[in-house]
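Note that the chains are named A, B, C, D and E in the order they appear, and that numbering of residues resets to 1 at the start of each chain.
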Amino acid sequence: MLHRFANPARFSRIAARVLPWSATLTGLLFIAGIYFALFVSPADYQQGDTVRIMYVHVPSAWMAMACYTFIAAMSAISLIWKHLLADIAARAAAPLGAGFTVIVLTTGSLWGKPTWGTWWVWDARLTSVLVLFFLYLGHIALTHAFDNPQRGARAAAVLALVGFVNIPIIKFSVDWWNTLHQPASLTRLDRPAIDPAMLTPLLLMGLAFMAYFVTMLLIRMRADLNAARARALQLSAAE
Amino acid sequence: MQGLTTHKLGCIRGERAVFAGLDLALKPGRAMLLSGPNGSGKSSLLRVLAGLLVPAAGRIDWEGIDIAQDRDGHRARVAYIGHADPLKPSLTAAENLAFWAKLYGFDPDIEPALFQFSIESLADIPVRYLSAGQRRRVTLARLALGQNSQAGPALWLLDEPATGLDPGAVSMLANTILAHLSNEGVAIISTHGGRLDELLDASAERFDMGGFVT
Amino acid sequence: MIGFSILVRRDLRLAFRGGTDAMMGVIFFVLAAILFPFGVGPDAAVLPRIGGGIIWVVALLAALLSLERMFAADHEDGSLDLLYLSPVSLGQLALAKAFAHWLTSGVLLLIASPVLALLYNLPSAAFLPLVATMALGTPTLSLVGAIGAALTLGARRGGVLLALLLLPLYIPVLIFGAGAIDGAIAGRDITPQLMVLGGFLLAALALAPWATAAALRQAIE
Amino acid sequence: MIGFSILVRRDLRLAFRGGTDAMMGVIFFVLAAILFPFGVGPDAAVLPRIGGGIIWVVALLAALLSLERMFAADHEDGSLDLLYLSPVSLGQLALAKAFAHWLTSGVLLLIASPVLALLYNLPSAAFLPLVATMALGTPTLSLVGAIGAALTLGARRGGVLLALLLLPLYIPVLIFGAGAIDGAIAGRDITPQLMVLGGFLLAALALAPWATAAALRQAIE
Amino acid sequence: MQGLTTHKLGCIRGERAVFAGLDLALKPGRAMLLSGPNGSGKSSLLRVLAGLLVPAAGRIDWEGIDIAQDRDGHRARVAYIGHADPLKPSLTAAENLAFWAKLYGFDPDIEPALFQFSIESLADIPVRYLSAGQRRRVTLARLALGQNSQAGPALWLLDEPATGLDPGAVSMLANTILAHLSNEGVAIISTHGGRLDELLDASAERFDMGGFVT
């Protein structure tokens, strides 16, 4: 039994060392990002101050997609190499991703009301993000649907890989179908089509979201590992 | 080493170790009667040997080669009978058997198999209307199917096969198993004692799972 | 391929003998479609307007309905173990199951849909697109559905879970299916929608058997 | 009455643990309601017009969906024999099963329906009638459904049969339920419809347990 | 006449006569071991005696009174164990037993019954995770529930109750049955031979269904 936790034990040690740094970094990036977003960057000439929603909306959209990609990668590793840590990482990341997706959906709706005059339209970008949200929910539900946690992890891994087809759809929906939604202006192959005054806070917030994700992921994975170890100890004590 | 051997085999079900450190060795032409109290892991062991459950530790060798190296080859040599009867109630006994015969590529003539378990008269009755023992006979007739075919499975894994059988049917089963053994086949049979044990006594090793419960 | 046809024929026979719920889907489909005019009120000029959408939603629900027990009976009575041990690969099994499901639900929906279109007074321009989208869309529903059915085998609250898992995967098919019919009624070219539905089908054909097999492998234990 | 409450509590526990398909009904209900805007097109002013009807049809389908296995699991594993041999009468069993079915499907539909009414932009005048008709109608669906479920126990093609049996019995409930909502939107008095629905419920309460018990008696052999 | 008697009992299943002209008599305190080949009608007979199947001919008397006169009274005196285990996989062993205890109005304390079949440690495990023999024990513990209550059923109808039990559990079952008999109870038990027969030998009549197959 012990060899299964030997590697995770090393992970726990490394995580313990990294955590304080990543947590501090998250805090600093958020402070800087929010400062630039609220006080330094200009209001939009068309949209006024509502444009500042962007500094939350866009980073969380990036993270919602990045997080799903991360889960899909971990799932592939879990299915091919049957690595325990990959299972745990995927399980830990899913609720975070669902959270980011909720943020995209709510900030998007909030932003949509003043700019498009409606909270919601059924266009390809919005719909595919909603689908992403349901995929996260399905992933979480499936993980916990079996009495045997390993079964749940494997089943969820298959689902994550299947659902990955949605990510390119979200990304390119604005190019493939003409929609109300903004096409990519920053993450383009050529130069970003965005004012540097807006770019700085956006990038800062993006990095802050990323650091937050890493920190939370480490915390959740460590908790999960500890719980598994406690269960194993309990069972061996019962025998 | 000929036949089947296991090395330090361990099995975990639902986060609980069922058995560990199991070493078995069985030569061609021999049977092994697995006994042990309820919940000692006989069914789990048979499922591990069939490749249906992945062992938590240890390995299984066939003719000296790890079966994990050759999953397809191993599946082709296993005949597995579980606790449940994998029969569809709405199909007749003959239809049920014919399906498995065709799927496994066995001889499609199922008459001899029906005859071997004395269920010719039930062939055209939907399984829904059969008695418990009659159903078990239909399930077991699958063994005869493979046996009567050219290259049938060599490793029989039978989980309490005699459940619900009358003494006559137990003899038919014993004869079927003995014929398999005489063909250099191997059979591992879980049991709680009874007529089948007695009939197979001369050709069988005995193994008590009781000692390996963890 | 022999294994494939043996499996398909068994499933069809079981469906015909009433051992499975596949037929339930079609009855449900027709029934639901008949019920709507009662609910909505038949006099309304609104029926042709919503007919295409309703037919697609109902088709989707019908597929969902018959999916839950796609592998469940085989799982419960131990047949799945034997199917796994047979020379037929799990991928082929998945494909066969999905194909049999489609034959017992999708094809019948396909046949029933023009009748429903009549019932709903859909403009005649919508007939061909309706059948075409159904022909392209329903196999996708069966293939994707097989993944869900295999993933939720033996799960707690399997039915609910299945619906939750398949909802996001079915929505795109629904949108393009219903969109094509609306487009046809409005006189637009619906080739793009048909292309997308065809693309979905190809992707499902390539991915679904693999994913279903992986899920089934986990369910056998 | 002790037997009744023991039976109801068992069924609720089973539903909660995911052993039965009762919850499936509600998920299905919500899901179907979410799907319709995708299919019909959300921008249309048509949604409020057809909302009441759709909600009723979907409620009916949801009830039907979870009915098929109301007695099936108990029949298959021999529990039905023991239930029959117990001091509790089959009539009480039928009532308990119908009540548990209603608690796990009807009540939840009842709770979900105002949300769906919002989703469909129904006029606020329709809210109370919607809930009132649901409250009167869904128990009837469960009670009548129990008869169908018992009649088709062990039958070949049970699901199809069940749908065919229940369809004619459900249509009156649907007509008066959806009619009341339309009436309320149009500003008419809906007391007559509510009276009729109440009458159906009383008749079902009196007749259904008896009929279900008779059907169950035939199924045990 | 005390106890159970049948007169010219006949049974038809699926349009086919299973047995006919069956006369049984069993005194209080005695068991009857039913044997006979698969499909000879043992299960059918037990279901008829339990009142689950309506006999095609003949009648059944309890203490000299036709049971058709008093269906409710008869149901209250029957304890029936069939081939299947009427357990819900998602409920724990204790929850399953407690449900039947409450419904039948037995003593709600299930501990002694669990103890009697040595399944205390399984009480809180969902039945889904139990081995075949463990499930059978849970089913049988229902007998102990009635036995430990004040006015438990007097007529036990057990259809191959020892299926899947290990020798230890068979002894527990035999002791439970013997205790029932010593309380002036009656038990009819179908069997294909085995340990249970031997343990009950001294208190049991034997009846071979083979001769009544039509």
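In this section, a residue touches a chain if its C-beta (ideal position, glycine included) is under 8 Å from a C-beta of that chain, and two chains touch if they have at least 3 such contacts.
All values derive from a computational prediction rather than experimental measurement.
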{"item": "Starting at chain B, fewest touch steps before arriving at chain D", "value": "2"}
{"item": "Longest centre-to-centre distance from chain D, chain (CA-based)", "value": "B"}
{"item": "Most contacted chain pair (by C-beta pair count)", "value": "C-D"}
{"item": "Chain whose Cα mean lies nearest the overall Cα mean", "value": "C"}
{"item": "Furthest chain, CA centroid comparison against chain E", "value": "A"}
{"item": "Separation of chain A from chain E, taking each centre as the mean of its C-alpha atoms, in whole Å", "value": "59"}
{"item": "Separation of mean Cα positions, chain E and chain D [Å, integer]", "value": "38"}
{"item": "Where chain A and chain C are represented by their mean Cα positions, the distance between them in whole Å", "value": "32"}
{"item": "Touching two or more other chains - residue numbers and ranges from chain C", "value": "17-18, 155-158, 164, 167, 171, 175, 221"}
{"item": "Chain A residues counted as touching two or more neighbouring chains", "value": "122, 147-148"}
{"item": "Touching two or more other chains - residue numbers and ranges from chain B", "value": "13-14, 83, 90"}
{"item": "Sites on chain C touched by chain D in the complex", "value": "17-18, 21, 23-24, 27-28, 31-32, 34-36, 38-41, 44, 46, 49-50, 52-54, 56-57, 60-61, 64-65, 68, 155-160, 163-164, 167, 171, 174-175, 178, 182"}
{"item": "Residue ranges of chain C in contact with chain B within the complex", "value": "2-3, 6-7, 10, 13-14, 17-19, 73-74, 76-79, 81-88, 220-221"}
{"item": "Residues on chain B engaged by chain A in the complex (per definition of touch)", "value": "14-17, 214"}
{"item": "For the chain E and chain B complex, residues of the former touching the latter", "value": "13-14, 35-39, 43, 83, 122, 129-134, 136-137, 160, 163-170, 192-195"}
{"item": "Residue ranges of chain E touching chain D (in the complex, touch as defined)", "value": "13, 47, 50-53, 75-76, 78, 80, 82-91, 95, 99-100, 102-105"}
